[in-house]
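Contents: one structure, followed by commentary.
When the chains are written out, they are named A, B, C and D in that same order, and each has its own residue count from 1.
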Amino acid sequence: MSGSTFGTLFTVTTFGESHGPALGAIVDGCPPGLALADADVQADLEARRTGQSRYTSQRREPDRVRILSGVFEGLTTGTPIALLVENTDARARDYERSRDLFRPGHADYTYLHKYGRRDHRGGGRASARTTVAIVAAGAIARKYLRGRLGIEVTGYLSGIGPYDLECVDLPAARRNPFWCPDPGRVPELEKYIDQLRRQGDSIGARVTVIGRGVPPGLGEPMFDRLDADIAGAMMGIQAARAVEIGDGVAVARQKGSEHRDELTPSGFLSNHSGGTLGGISTGQDLIVHVAFKPTSSIRIPARTIDAAGRPGTIVTTGRHDPCVGLRAPPIAEAMLLLVLMDHWLRHRAQCGEVVAPLPDIMKGQRAGPARGRNA
Amino acid sequence: MSGSTFGTLFTVTTFGESHGPALGAIVDGCPPGLALADADVQADLEARRTGQSRYTSQRREPDRVRILSGVFEGLTTGTPIALLVENTDARARDYERSRDLFRPGHADYTYLHKYGRRDHRGGGRASARTTVAIVAAGAIARKYLRGRLGIEVTGYLSGIGPYDLECVDLPAARRNPFWCPDPGRVPELEKYIDQLRRQGDSIGARVTVIGRGVPPGLGEPMFDRLDADIAGAMMGIQAARAVEIGDGVAVARQKGSEHRDELTPSGFLSNHSGGTLGGISTGQDLIVHVAFKPTSSIRIPARTIDAAGRPGTIVTTGRHDPCVGLRAPPIAEAMLLLVLMDHWLRHRAQCGEVVAPLPDIMKGQRAGPARGRNA
Amino acid sequence: MSGSTFGTLFTVTTFGESHGPALGAIVDGCPPGLALADADVQADLEARRTGQSRYTSQRREPDRVRILSGVFEGLTTGTPIALLVENTDARARDYERSRDLFRPGHADYTYLHKYGRRDHRGGGRASARTTVAIVAAGAIARKYLRGRLGIEVTGYLSGIGPYDLECVDLPAARRNPFWCPDPGRVPELEKYIDQLRRQGDSIGARVTVIGRGVPPGLGEPMFDRLDADIAGAMMGIQAARAVEIGDGVAVARQKGSEHRDELTPSGFLSNHSGGTLGGISTGQDLIVHVAFKPTSSIRIPARTIDAAGRPGTIVTTGRHDPCVGLRAPPIAEAMLLLVLMDHWLRHRAQCGEVVAPLPDIMKGQRAGPARGRNA
Amino acid sequence: MSGSTFGTLFTVTTFGESHGPALGAIVDGCPPGLALADADVQADLEARRTGQSRYTSQRREPDRVRILSGVFEGLTTGTPIALLVENTDARARDYERSRDLFRPGHADYTYLHKYGRRDHRGGGRASARTTVAIVAAGAIARKYLRGRLGIEVTGYLSGIGPYDLECVDLPAARRNPFWCPDPGRVPELEKYIDQLRRQGDSIGARVTVIGRGVPPGLGEPMFDRLDADIAGAMMGIQAARAVEIGDGVAVARQKGSEHRDELTPSGFLSNHSGGTLGGISTGQDLIVHVAFKPTSSIRIPARTIDAAGRPGTIVTTGRHDPCVGLRAPPIAEAMLLLVLMDHWLRHRAQCGEVVAPLPDIMKGQRAGPARGRNA
């Protein structure tokens, strides 16, 4: 409603700023009886955590999550689950210099126009640090969807600057600091990032998220389509500037005879649509791509103004990621998990008694591993 | 909530199917005192209407809208505005052949999985005909935003198949059947569409929408960002497969020194971001691109199955657009107008008393006409 | 959101004014596969209709409803159901006298303060005529809840002025113009109303609604409790000034040893709570009472002012009910049906997989007929 | 959405159980620039706190609140405000006896039916302890409404068992443990409660809340009426069984000539309506009464069953209030504050530009102190 709540039935309400005492979320609407412990949530936070490699920001946060409610004797009770992560390494002094000057590419200028004031420390509420709450909430959705429906959501880096990355080994992506699905190319990327850092510059990236095992039928086919909700969810991640589903921007150049996915009794013959038709899941893989802009906080000076409108020059020297996209895969996974969880509950609400006359034709095809570009 | 309502404060709830008796919408939350007549809404419906050229579907509908409530003595009263458009040219017999076979690329298969049944006539609720209600609702938002805030929202065709179209004359786009912003290229496009039609094929397209005159400060900066809501709105249009804001997918290849928009006392020096930072409007032009897939209903036969899972072949011969993208600009305009209207009210609710210390630096720059690519 | 939509999953959005061209509703979220025809809705509208007896307003409206969408071949499709009722007997000239003067007890004064203007004809949007849309929507919920869950919702007049009415024959209530559950007392009430009419006065009333067959477990136990949502729904009916559940206001004088409903293996021993505990249904009868104020539009002159603040005197001579409470039972039934329908879907969404360890102990007791006061 | 969020624009999402590690709320949508410190919230928590007298539960909790976000340099920033209260005196062993047996009058039975499991310790999520989060959130609304609009919301005990209490000194109510607005009668009440406690019994109560200084025009006049939202808010408080506005249940016996509030240029002549007409505030005092049932946990044995359906007898000996109504005034105040705050923002959103032709006629009358019964 007021902008910090996501979802209709499985709702996530987050709070917290980069340099406040804590961040967290209230997850409401989780089905009861789900086995859940701090460790389940912690696992996803680890994947997101900063300081894990020299290729990302050097801020070191343990990001220890505590479940404050909604779990009793190891199982969810159906009541709200509060998740709390305290900030421990919030060096606000790094930001005193940017107190007055608007950082180009950041929300400083727009927050001031909206609210008349702003918490300048580390971007305040606009900081990507707020995604810690999203990733924590997504971990609960992941536990439910995996255990009950066999849904797996996996993100990886599919592009960074001049490099396009093939998905040759999807599970490997989570095991290298670049979320690179083609592990052999990691040294090349390391070299590239090191060079950027020396230049004091940053680079954009493209992240792909695959949802596998999604049953057909999820999505409300007017405004709350599955694809529309995914697009809104992904564009809501800091620095996102494009969301594509299936063939994405390429469809503008395709012919109908080329794009449409034909059906046979043993499944669709292709997946140009990316897993939805008419806003409803087909049972094929959901394929989502998100383009992230480069970090705006870099060492190269930029022209800007202050809150009084006076011109100035800004140089950022704090702890920053040379490529925010390297941090995005677990966040994009979390957003897709939240959308799927919400739509699963919404679908069950309205259509819980529906028996489709036709079985899910794609069921047999979901056993195998992901292959090729965009999985 | 249940999928057919859009917006938080300026809410639009639509109903209707391609071949039912009527379509329409209830618009709730409109400020009182707005001068509004049927003709204001009709104007936008004309822009959307089929049958206006030989390049779009030959279904001929007068699409006469009636305002049933919420207006008294020519002014809105603040109570819900109901909009009704009756269907008059609904030739359901055209669709008897597709009653059993799923049309590839359409929602037939997914509706059946979701609901266990479907209105097969013309795609039922999944038909693009349902956008008549969206365009009608958008017309009300347009009247308010233009009159009260000076906001202008304009869409055009920026790409179709192999053609990229420069925005050389934005106002001209509305005056040709291709919404082409480079009128000199219309003959070329006519020839291309005629050729496609002879082949019985269709083509994808890219549509751009520009929001000009948007004040800085609109957008709720966590989940309900202005950019996130725009992305969700656009991906919710039938056939959309990608949404880009500002430089869009290209940002994945950009460096920070290249992308960030520097500020000076007289405005931003560039608009790579597309008009939002941190999910909040900057006061620059909002720049949104949407990629639409090609029509799936074409004369070239396709493999498919029926509801019993038996294989078959389908050929579509009814009235269809060779390029749905040619119909999309007024729909995309309407969606952007609805998002802006809702966010204007949301912003006023929370921040109605805020006086930003800094004036809108872009104000002076919004007087001139749009120029160049992507306006 | 904007005030004219009710429900979270089974949503009803209404429009229309007393003297506009039409009234209606969009019902979104109805499960697919429900057999539904105009006649199902018409039946409830007949129960509500004016002009059915000389004890209620003499406005004569056929109130013919048309389903415009969401039903295909006799079954709901799962897409929005639009309901339209055209106004045919809207004699606006009756209201020219009240154009300037505020009618005491009516919304004229408050609408002017809120919106700066108002449709004065028959109360405009504030008219009880708008409940036609609510009753129509409730009829759909009734069809579903009755057919699928065996829930019956029945309203009756439990008090009017000095008369308290015992529920001796619940089904009989719908068959007399007073909704009186003790048919032998109807002549007494007729005499009373005739006398009031001669005096040019009006009288308040108390309406009771019983929900029978409600399964245990419905309700979200913090803000969206079943009882809270019922209270909000009932207080939202025009002229309602009190809502009681179970023993209602009397609980303020009860002792704990007297109020609490003890449990045995064959059921609760009493139902002071009125069918909810902790905001969740117990499986007992839901018992709801609503007090309605007397009609304010009467022939006895009243002091008032006009929009310029000048004093005046107003006398109402148009068609009005001497007791709005006589019209309220079907409206209160509809509101309870809408609340139950929404909560049934909400419950299925979150708890669709829950198997309670204990069976519903009240199940056996729901077979028999209602007895005694407040059933 | 999922039941634990209240409000549309000023939203409060709560979490926490009686015996979990902490309780709290996220308040989203607060206007920026409001001076807010922990102490502002603490003041209202003190009013609610247990252990303050021997007439309420002996559980001793410091209820120290911490603001975790949304405030920077002493002013709200417009981003979510998280409020955290840690539980320190949660003696769960008191509840081991009630682990298996359902406590009559409590939510034990209904939670089990809904969720299939329950946190039995102190009622878990159903505990009135959860209102700590509501009171904390209400304190923020109070600060804003008082400072910006001059609205004062005050609750008091207007009835307990056989006693009716006149409002002779409204401010005094907050200064005695009974919230009694007629301080001379406190010794009588003390004696009554002592006697009840010796009997091991409990008693119901009636609480009244007055909203003074509310501007005319608040409320959305169909479903989201001000009175409807107040009714829903109050019935959502634990143990509430009736909500009355203005003359409440008495209106069922009133005549139109008696009930309607006449208008003069210097104000309304009476306030039977309780401050709303057509669901919109009139500018008069809002008058709300809530009836609370007696505590069900008493020392007098009661018949009940366990989760296996076996009969048993239960006696409650833990720390409990002999009259929950004595704890309710600050909670009812908080709920009214939240409703008013939300409606103020909603009103500003839609009608921020409205200039009513007539000034608020009641303005002059709001200066004086409350007098007489129901203020």
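Convention: a residue touches a chain if its C-beta (ideal position, glycine included) is under 8 Å from a C-beta of that chain, and two chains touch if they have at least 3 such contacts.
Everything quoted here is computed from the prediction, not taken from an experiment.
Student: Look at the interfaces B-D and B-C and say which one is made up of more C-beta pairs in contact.
Tutor: Most C-beta pairs in contact, of the two: B-C.
Student: Find the chain most remote from subunit D, comparing centres computed as mean CA coordinates.
Tutor: Centroid comparison gives B as the farthest chain from subunit D.
Student: Could you give the separation in Å between the centres of subunit B and subunit C, each centre being the mean of its C-alpha atoms?
Tutor: Computed value for the inter-centroid distance: 39 Å.
Student: Need the CA-centroid distance for the pair subunit C / subunit D, whole Å please.
Tutor: The separation of the two C-alpha centroids amounts to 26 Å.
Student: Report the inter-centroid distance (CA atoms only) between subunit B and subunit D in whole Å.
Tutor: 45
Student: Give me the residue numbers in subunit A that touch at least two other chains, ranges are fine.
Tutor: Residues 1-5, 8-9, 14, 29, 32-33, 78-80, 114-116, 125, 221-222, 346, 350-351, 354 of subunit A each touch two or more of the other chains.
Student: For a test of understanding, state which residues of subunit D touch subunit B in their complex under the given definition.
Tutor: Answer in residue numbers: 8-9, 29-33, 78-80, 148, 221-222, 345-346, 348-354.
Student: Which part of subunit C faces subunit B closely enough to touch in the complex?
Tutor: 1-5, 7-11, 13-17, 20-24, 26, 28-29, 32-33, 66, 68-70, 72, 75, 77-82, 84, 114-119, 124-125
Student: Note which residues of subunit D are touching subunit C in the complex, please.
Tutor: Per the touch definition, subunit D meets subunit C at residues 1-6, 8, 14, 102, 104-107, 109-116, 125-126, 130, 159-162, 196, 201-206, 216-225, 227-236, 238, 240-265, 269, 272-274, 276-283, 291-298, 300, 302-305, 307-311, 325, 346-347, 350-351, 354-361.
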